[in-house]
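Both of the next two complexes hold chain A, though its partner changes from chain B to chain C.
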Partner chain A sequence: MTDNDTSRLRLLLGRLNPLGLPLRQKIGVFGLAFLIAMPLLVSLPVVGRFVVMILPASSWELGLYNLAAALFFGMFAMSWDAVSGYTGEISFGHGLFFAVGGYTSAMLNMGHGLSPWVSVLGGVLLAAVAGVMIGVPALRIEGPYLSLVTLVAPLILLQVFIYMSDIFGGEQGLGNPENLVGLGFVSNYFLALGLFLAVFVLLWALTRSNTGSILTAIREDENAVSAAGLSTAKFKIFAFVLSGAIGGLAGAAYVHTPVGSPTPSELMSVIINVEVIIAAVLGGMGTIVGAALGGLFVAMLPDYLNLVEFTVPVIGKSISEMSFFLFAIVTLFLLNIFPGGVLRWGIALGRRATGRDGGGKEGMAADGGQSPEDAGTNPVAQTMERYQEYYDNMFGGDDK
Partner chain B sequence: MVNDGSSGSAGAANGSKNTGDEYNGNRSKLNRRRFIQAAGVGAAATGFAGCLGGGPGESSEGIPSEVTLGVLAPAPENNPIGAAIANSAELAAEKLNNSSDLLGDADSVSVSIKNTQESPSTGRQRYRELTLDEGANMTTGVFTSEVLLQLMDPISQQQTVHMTSGAASPKASNQVNEEYDKYKYHFRAGPINGYHLGQNMVDFLEAKGNDLGWESVALLVENYEWTNPVQQAIDDHIGDLDVDVVMEERYASGTSNFGPIYDSVEESGADAAFVAMAHTGTPAVVQWARDQRPFEFGGIHVLTQLPAYYSQTGGACRFTVSQNTATPQSELTDKTLQYAQDYNSAYGGFPVYTGYITHDAIMQWATVATERGTVNADEVVSGLEESSYTGTAGSLDYYGKDHEYAHDIKYNFRTDSPPETGVNPVFQQWQESDGSGTQEVLHPEYVSSADYQAPPWV
Partner chain C sequence: MSADAATDELATATTAEDVRPDDGILAVESLRKEFGGLVAVDDLSFAVQEQEILGFIGPNGAGKSTTFNCVTGTYPPTAGTVWYKGEQVTGTPPHKMVKRGMARTFQSFAPLEDRTVLKNVALSMMNDTLVTVEGLLGEFHDEARAICERVGLDDRLYQTPAELPHAGMLRLELGRALGTDPDLLLVDEPFAGLSGPEVESVSDLLLDLRDEGMTLVVVDHNMRGLLQLIDRAIVINFGSLLANGSPDEIKNNPDVQEAYLGGGLE
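Right, the complex of A and B next:
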């Protein structure tokens, strides 16, 4: 082994050593370790009690089920972030991909007797095809027009499901397809966690690669990307197909667990479509990490609110009855104070606290190196700017 | 123990009467939990190869000192259908607490009510809270078919008797028939299933066609899943009658303008619109009455079943006919009026159909558990299969496991035989007396309280 190899190996090992990581990544690794150890921790005599207290349920069994459901929602949010957070083409109907994945897999399993492990692959494949179908129009129409297409697509699909309810079960959805790993609390939790980590690692690596930079560049200035001789069309379709396939994977696996089922209200309702966007924007649009955390938060907040037994005095309603209302209020509040997402705010706060806010060189920033304070370059502001331009043109503004 | 501290608070949060100590009489459940925890960790260690059942395999024998009834209702605070489920369950628990015969060995019977929000995922989660966290000995309620169908697997997982009291989809009973051992814990105490609802509409026309004078009808069905079996049954059986179906329309879900549809009905010359409406019912009735359309109106109209509907629509529902489980005017059995009055004095209003059924479901379950001397789910399942219980809505008997509608309540096909031989829905008409509306009963004969009145403009 040459010296060069040894030093490379040392460098790699150094990078993998959690103690050598920046603070935010240490927190991330600790969080992951906690999630992995969760089922073990709940069975410990004293620690277990505390763990159950922080779970979004009143017992560990339900807590693991609810966490599994939240992990699936985190995957939904990440799949949205991969296309909309990076390219700035906002999809208002990502539920289309979850539904295509979930319904395809359920129908292959229930109607054709395929093993759920095989049928999930079928779901992924068809969701990727749906990604092409949405991605190709995205070459000719952009901004608000594309958003309209994505908004209408799942509504059309829902009408098809209702019209052909003998095949798709209408608004009741299909029955219960076979589960991938039975009904176990622990096994299903690990299934969700494993998939969540796989999706996270894939998207994290991809968005930090050259491809990720190009997608970010499309959001920032599409003309500049074209001028550099890169085909924006190719990359946009790639982003849609990737996002569709991952959304389809999450949707397909979700219906084969005890926490999910192939029904329109769980996979493609307007509320799901909006919640996915809220989750990603709240966590930090265009970061993957933020979408993952935002997804977990948005999915678990109603569960936590449901546990609160406080009754609001004047209106005489309990917190748990008003959970959705409070969820909306909390979200609105958070979006107002953290327009760039909670993750960016947290990183900026951490940097100030550790005195590194000027350094900028340690490790790669989660958002691809942009300054968190600079609102003009945060993805939400950039997307808003893009949309503003389209609206100006729409109403006869000056052609810039 | 992991669950002790938190389960008490969850019970209190959801209106459960008993706070804390709900596992006192149920030691074996605690042991089961510890076992599952250990098994769960084992499964984790072996790379989640294990598949955990989680069902109460060795559930308690005998009647525990604390009996918990789990109730799933859509928005029980403001939806009259959900409120009727929740209030009737409370009323039934009070009766059981005061009774020395029924569940006499139990010190207290408590109710835990959860809101399904008509969403399958919420319903599933709340169902698991009831069975896993609060140790419910039986569950009842569920109005939305979509929720019920997605509860079938959790019910089989928890192996706890569930008696549906609102959703009518026959798919649930088909599942019981196809995989009996897995799904046998599901019973539908009412209403009669969707197919029988449709059949009952035809039976009503057969029995009352002469009085109504409907020689031709226009079938108007809203395009929702629940109407599929209803329409199927009407199509299968209406050909046996001397009634012409001059028009059949399955109109779009969410329809709010009935003008063009009613124009077609008028053109077809039908004597009456024969309808199946739930979600789209209010604009349909209001526009029919406002425009004084020259045809009569009847069938299944879920909203006109609400006792407060007359004032809600400003009397627009006057002269409409609808199927219903029971009304405060229908003395189906000697329990019907007593229950309706008890409900009215406790909650200041009359219940809708889900109330009668929820009450009957709980009382029948308690009767069977008392007879068998246990709340063990398998024992109660076989007890319910053999049981014939006369409740407020008629006689509750269930189809056997080999029937395509296994564990659905039996529909009494003989339209005018007394309710002791099975459940027979009533047909009501909104009529006006002294300026306020009443749900007068036209059919069956043995409870009819008034004659049919045709709208004066027809």
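Right, the complex of A and C next:
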């Protein structure tokens, strides 16, 4: 036992040595270091100019605001991935959790005078309850039916907000609740980055532990999971509650920053719900890392497009005017080229380039314990298969 | 030696149609399963003794799999009672039955196609805890590897189920079941599609498991290979008990021969 513990410790220390990491993780660590150092880099002479150039805004201050907003969106995408990417139960209305978290926290702060640091916890708690309310029905209704439920739930909430607009502010939202860390560009950026990292580490660790492989096994075949003596119900509810709580945390913290406010269009519109799915699928469904990257990309692409001062000749419209249209087109292309997500494609490419292709050795569960090249068993294909089964049954298919 | 005595005792117990909870490690009384108007299992009673290998035989559609599914909790039975290790477990969901020590293999293999043989087996060894650091450090797969070796898959640890031959899939099914550390193993049609030597090596594995203290119930509609393996057989037809006894008794039983119309008894 002690022998086992020592070797575990040695293994852990070895894993934490950045030089011993695989290439893709080195890139990740470098990227994180860059994000952390960003506010300092802008004041340097030459590097600073370069950093300002790559930020998604015309000045570095606005760039940090936009990046902070993108980090929040990355958290939304990760929270979606934790449940839908891993268990294959697609939620079309994750905005429900962002809105419950954001509105609860805003109302506790504005109506009851609670400090935003406390009211955020209230938002997380209520969003976790919302996770139970979607997770428990998810045990009986699955696949396309569950997706319909998740699609309708935020629409109902939106109608409630509109009918009771004296309480919820209707389409306009709730105005401006108190900020967690004031209006500072740097402080708000670090708030967003800190939360982003915390959420990322939590979900990354959880999905790389046995819990992650049980969740992906549920996506693949629920019968096989219960035959292994594991309760699929327990793990599915857990995934929904976890996802709801994290989505709620992101939504709650978001409304207490200068970059976000508690309005339906920012937290629960159909566009938000769809963009979250696009972000996670585009980055790489069922990987957390992919959802985080996809979230940043999806949030920042329109910002970048807004910067382009080019007018398309024939139709006489500027690029910034059609940024959402172009965003949709780019996304559509990327989804067609990389159906398993950009991350899986990148890892596979890197493995080929560094000559560590396959070899069949037992590596660390780097991408949720799956071979990235296995096209037939990627999460999108698995989920499609899952849905196909429900449709077959709907039209009177035989039990197999 | 004691197994024979227990077998004789059991033969009287089951024919008397009143099975008691402590009649064996698994006791089933008047189990009934109806699908709409169809009676798939018709008041079936039997008991399984600890450490025996029981053959559960019947022609196609006799209700073997349905009986299995009712015992393991996949379907709730329409009526009847199931006792396992002396406890009433009727209608307990499958994952709880597995935790109590009853594992099964699937006739239509159900491995997880998205991961390697080793990870398939490792899944069945995982604890039911939600938050864990286990598996985070690249995993100590030693125990799963030992099971793979046990079932003869040690040279295929990193292949996916799709790469396995038919016999390999069966071995993987056994490996996944063994990963749950069962006391009673229900094996569904292990010999279908296996060659002679493969049947022999799987039989040897099952005999070894029994010698280590496991109880086995082997379901098959084909008696080839099965009669050499088992201590005792239960034959069912149209969902009810047709015969019960030693392999020789079963082979010479006229009712059984008729049910099979001479087929499968060579």
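One rule holds for everything that comes next: the second predicted complex is superposed on the first by the 380 of 400 C-alpha atoms of A that agree within 3 Å, B and C clash if a C-alpha of one lies under 4 Å from a C-alpha of the other, contacts with A are read in each partner's own complex, and residues count from 1 in each chain.
Just so it is clear, a contact is a pair of C-beta atoms (placed from the backbone, for glycine too) under 8 Å apart; a residue touches a chain by one contact, two chains touch by 3 or more.
Everything numeric in this text was worked out from a predicted model, so none of it was measured.
When the two structures are aligned on the shared chain, A:I214 is found in touch with chain C, with no touch to chain B.
In the superposed pair of complexes, A:Y103 makes contact with neither chain B nor chain C. In the overlay built on the shared chain, the residue A:W80 is in contact with neither chain B nor chain C. By the touch criterion defined above, A:L206 reaches chain C but does not reach chain B. By the touch criterion defined above, A:N223 lies against chain C but remains apart from chain B after alignment on the C-alpha atoms of chain A. With both structures placed on the common chain, the touch criterion links A:S320 to chain B but leaves chain C unconnected.
Of all residues in chain A, those touching chain B in their complex are 39-40, 42-43, 48-49, 52-53, 57-62, 65-66, 69, 162-163, 165-166, 169-173, 175-176, 181-187, 190-191, 258-261, 263, 265-266, 303, 307-309, 317-318, 320-321. Interface residues of chain B, counted against chain A in their complex, comprise 2-3, 5-7, 9-10, 12-14, 36-38, 40-41, 43-44, 48-54, 77, 115, 119-121, 124-125, 128-129, 132-133, 145-146, 149-150, 152-154, 157, 169, 171, 175, 223-225, 228, 253.
Contacts from chain C toward chain A in the complex involve residues 93-96, 98-99, 103-104, 106, 108, 110-115, 118-119, 122-124, 126-141, 157-160, 162, 176-177, 179-180.
Taken in their complex, chain A has these residues touching chain C: 4, 8, 11-12, 15, 205-206, 208-214, 216-217, 220-221, 223-232, 234-235, 238, 360-365, 369-371, 374, 376-377, 382, 400.
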